[in-house]
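Next up: the structures, one after another.
Shared between the two complexes below is chain A, which pairs with chain B and chain C, respectively.
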Partner chain A sequence: MIWRRVGLALVMIWMTVTATFFIVRLMPGNPATFELHVLLKRGVSYNMALQHVKTLYGINLHQSLLVQYLQYVGNALHGNFGDSILYPDIPVIHLIGKALPWTVFTVGTALLTSFLIGVSLGTVAAYRRHGWLDRLLTPLAAILNGVPNYLTGTILLFVFGVVLGWLPQNGPYSAAITPNVSLAFLISVLRHAILPIGAYVISQWGSWFLLMKSSTVSTLGTEFIVGARSYGIASSVVMREYVAPNSMLPLFTNLVLSIGFMFGGSVFVETIFSYPGIGYLFSSSVSGRDYPLMQGLFAVLTVAVIISNLVADLLYVKLDPRISLEDAA
Partner chain B sequence: MTTTILQVENLVVEFKVNQDRVRAVDDVSLELRAGELVGLVGESGSGKSTLAYAMMNLLPRQGRLVSGKIALATVGDISRWSEPDMSRVRGNRISMVFQATQSTFNPIRTLESQFKLLFRAHGINVQEGLIKARRLLQRTQLDPQRILTSYPHQLSGGMRQRVGIVFAMVLEPDVILLDEPTTALDVLSQRVVLDLIRDLRSQTDAAMLFITHDFSVVSNLSQRIGVMYAGKLVELAPTERLYRFPQHPYTALLTRAVPSISQKHTELVGIPGQPPHLSDLPPGCRFSPRCPYVQERCRERTPPWSKISADQGVACFRWSELGEELANV
Partner chain C sequence: MKIETLWITLRKRPSYMLGAVILLGFAVMAIVGPMLYPHGIPSNPNELYAPPSWQHPLGTDYAGRGVLAQILVGSRYVLEVAALAALFTMVVGVVLGLLSGYLGGVVDVVLMRLTDFILTVPSYPLLIIIASVVSISGPVPMALLLTLNSWGGMARAIRSQVLSLKQQDYIEAARSLELGPAHIAFREILPMMMPYILMHLILAVTSAVYGEVGLFFLGIVPIQSTNWGVMLNFAYSEAGAIYSTSSVFYLMAPLAAIILLQMGAVNFTNALDEVFNPQLREG
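Let's turn to the complex of A and B:
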């Protein structure tokens, strides 16, 4: 059963990788014609320009799309996504490897923070329904949940970076510091990460809050909570052993799935803060028509989403005895 | 005469229903004695379950115990106890078995871990507790090992209900409230559960209150039966007497509305009319609009509780004059 599920995940990865390859090539324009136009504008003759572009990118125009595809898939299996066009001579996988830790750090921290904030406040709001905290937080969460992270990011950047000048505006760490294991470097990294993380948290915690609140409210209404109380289980234990685990079950799937989607969500925030993560790489690869880089990024994104789906399915079976893997598949 | 274990005095429970206050239990007094099983019979909405929930201090949020006493011989009046104090007596002094429509167990924990939680909540050695639980489970014709390692959803409704009874009994409480324990079960499971209750009753000193809408279910088990109508206890008498010599017109009509195996060709008689809605009660006796023996005073004043003997009482103005007539209904 578990192998069927893993096999399904592999097939899905292959399908998206294939789709990515062809969809990227359907996009209007390509780096060669772009470069060609630049050269033509400078007054270079067409033939000269074509020759120049060919040598620059090492494009073999005689290869068919199918051959390119097979080569691509073969290389991708070895983790080789080719060299970047935008950053000449650097393998795509290196670029991704360098960007990944920054995104995992910021988005991961933000995800965990907003999950913890949402779950704890959501529980309180559910326990004290119609209390002042509930009345304050529920509309606030709904509103912030609807505000996109690039807007909160821009506002944060403007207020704390520009107007107040408390926190750095861009980059992963101060240019004056060389990366090494030192306190100064660590502080610089943290100071630079605060605003991006803040942007994610402000727009994310609301959805966790609302989910947790409604989930807890429905758990509190179930018969087994009354049952637990009737056996003399103290309220705090009922909350810890009965309410919280049962209410968090549906959120757990969302949490694991969000790990997969976190790379995609980082595009705007990392662009705003010039933060050298996956999202930043993404936007520059698209605007620079960097096919190999785009393909590599799409592959990473796809694999992350599908694997987190798989992990969510497998873990859910462990967490909820009522669900079997047959149901999950 | 055996000792009184639980004394309920003048209990009043109100519910808030859209700004209105509704008396679900109105001035009910009842006492339970050691080793005794008392049946509490009434139509749905008569307040019998609410009485049990009030005795456990487990009323839903809209419900409120307005006045009255719930005195346990061992610990005194618990009607005003706080939740933490209540959790110390629930389960080991007074416990409850719920209707089996929904499980009262935590769906994501094994029954063994739920038993352990119960023992820990009451500061009982877990190993000793489990030995007792196994012994009781064996008495219910269940395989203790299988039950303890199971999750609630892996058991049938009848099995869950038997485990629920073990849960309510394992700490040897003084009082066990059984709220429609067989209503949601199929006939065979009903039989098994009733046999179990009969078996356990003979071996415990606990007083049991068996709540049901079905006379025939409880009449073979109970020493006494109380009859509730629209939030009032209208009659309480030893089972045999209640059947043969009902003192309240409602009791007389209700017992005749139940088919009996011994009296073959008697015609079943329904009671004309509907029970009143609790938010729109008639003045005076609540049964007066449907009562064939109604008099002017019944519509004006509420009949007081008349104690006929130590274990019999009735709330009807005309009980002494109607006695003979009612016995022949």
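Let's turn to the complex of A and C:
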């Protein structure tokens, strides 16, 4: 069963790599041929131009589509997506490697923070239904749930970065500081990360809150909780050991699924704050028509998401013994 | 659904009524808005970033154009695309979900693998890539692009509804009457899901608005006319308005419009939920 899941993930990865190849290769006025024509017009010899396009895109235009495709897949398997156009002569994979830690840092922190906030507030709201906290937070969460992060990001930037001037407006750290292992650098990095992280958290916590609330409400109604209480187990222990773990189970799949969603959403937040992660790289590759970079980023993003989904499925079976991989599939 | 029932439910809570009024307001805005400025929005170089006044209730932008006027005029494109996208999403999602859930077997496996794939691929990057290679013009291609991103969740949800409805006795009865799969799927199962579909239609409109405004915001889609996303994009790129406190109205107006739309949609769906699921009614 595990092998079936792994096989499915591999098929999906293959589909992604194939799709990125064909998007760039087969679209009308595809960039590789376009580049070739531009070079030919500039008076570059045909062979030189072909060679140039080949290093840029990893595409040999004079070969058949099948050969090109196989070469592309072979290169992609080695992590070779050609060189960037926007950042000349730098391999795409190096750019991605440099950007990835920033995104993992902000997105990861934001995901955990919003999850913790949503889960704890959701539990309280479920325990005290129709209490003031519930009545305040439920409509708020319903409105914020799904509000796009470019909206929260813009508001945060404007209020805290521009009007109040409390926090830096963009960049990963202050330009005056050289990156090293010092407290000043660390503080600068953290200060610059607060607003991007805040943008994710504000647009995300609502969905965790609503999920946790409804999940806890239904757990509270089950017989084993009533049983645990009737044994005289302290209610705080029941909450911590019985209610919370069972209510959090269904949220777990969503947690891993939202990794992909948030990585995708980083396009907006990182563009707003000029934060040098995957998303910023992606939007600059799009506006700069840097197709090799775009291709590579998309493939890496999707593969990362597919792998995290696979890990989630496997972990979920471990966490909840009632579920088998067949159910999860 | 009877209009009367809806009206009675709406009157029960101010928040329900508010939701309905907001959505109605946006619909009217989209129809009437552009008619108010048949010759485009006048710009006045003497009134850059003017504060709110009677003439410009939300002030002006970097070119001296009224912010409120831009919101009104821009609403048509935004809402037209969103409504179309929501409609396409429903049609694709419902048809594929019905086929997958009702027929089962190979069809189900193939369709669900496809759905898994589209749900897995990071959605915004996919939209952005496609928008950057295919030139998008007009509301229909834009709506189709947004649909690509959203049909998966709908198909999945419809499929699971179909799977549970399929087990019910009246479907068993229909089958024993040999009513045929098309009849059962579209005449027996589909009507039962209409409330669910209708509610998700409204939420699909808001998420289409987010996606659409986001694409304009990033400046990927060719800009043809004023809309909320274009306003946001200009606030960052053209005028650097984001870094100046005087642009507060220009920057916040499209955001406020989006939040207001979301509020309306959430409250109105809550009202619909109460109409369709009477057991939810409290007191």
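Points to keep in mind about this one:
Just so we're on the same page, the second predicted complex is superposed on the first by the 285 of 329 C-alpha atoms of A that agree within 3 Å, B and C clash if a C-alpha of one lies under 4 Å from a C-alpha of the other, contacts with A are read in each partner's own complex, and residues count from 1 in each chain.
Operating definition for what follows: a residue touches a chain if its C-beta (ideal position, glycine included) is under 8 Å from a C-beta of that chain, and two chains touch if they have at least 3 such contacts.
All values derive from a computational prediction rather than experimental measurement.
For the composite obtained by superposing both complexes on chain A, the positions of chain B and chain C are free of clash and fit together. When the two complexes are overlaid on their common chain A, residue A:163 makes contact with chain C while staying clear of chain B. By the touch criterion defined above, A:242 reaches chain B but does not reach chain C. Of the two partner chains, chain B is the only one that A:321 touches; chain C does not reach it. Of the two partner chains, chain B is the only one touched by A:224; chain C is not.
Of the two partner chains, chain B is the only one touched by A:232; chain C is not. Between chain B and chain C, the partner in contact with more residues of chain A is C.
Contacts of A:40 after superposition on the shared chain: neither chain B nor chain C is touched. Distance between chain B and chain C in the overlay is 6 Å (nearest C-alpha pair, rounded to whole angstrom). Those residues of chain A whose C-beta lies close enough to touch chain C in the complex are 8, 12, 15-16, 23-24, 27-28, 30, 139, 142-143, 146-148, 150-151, 154-155, 157-158, 162-163, 169, 260-261, 263-265, 267-268, 271-272, 282-283, 286-287, 289, 294, 297-298, 301-302, 305-306, 309. For chain C in complex with chain A, the touching residues are 15, 113, 116-117, 120-126, 128-130, 132-134, 206-207, 210, 213-214, 217-220, 232, 235-236, 242-245, 248, 251-252, 255, 258-259, 262-263, 266, 270.
Residue ranges of chain A in contact with chain B, taken from their complex: 222-224, 226-235, 237, 241-242, 245-246, 249, 319-322. Chain contact summary for the complex, chain B toward chain A: residues 56, 58, 83-84, 86-92, 95-96, 98, 101-110, 117-118, 121-122, 151, 153, 167-168.
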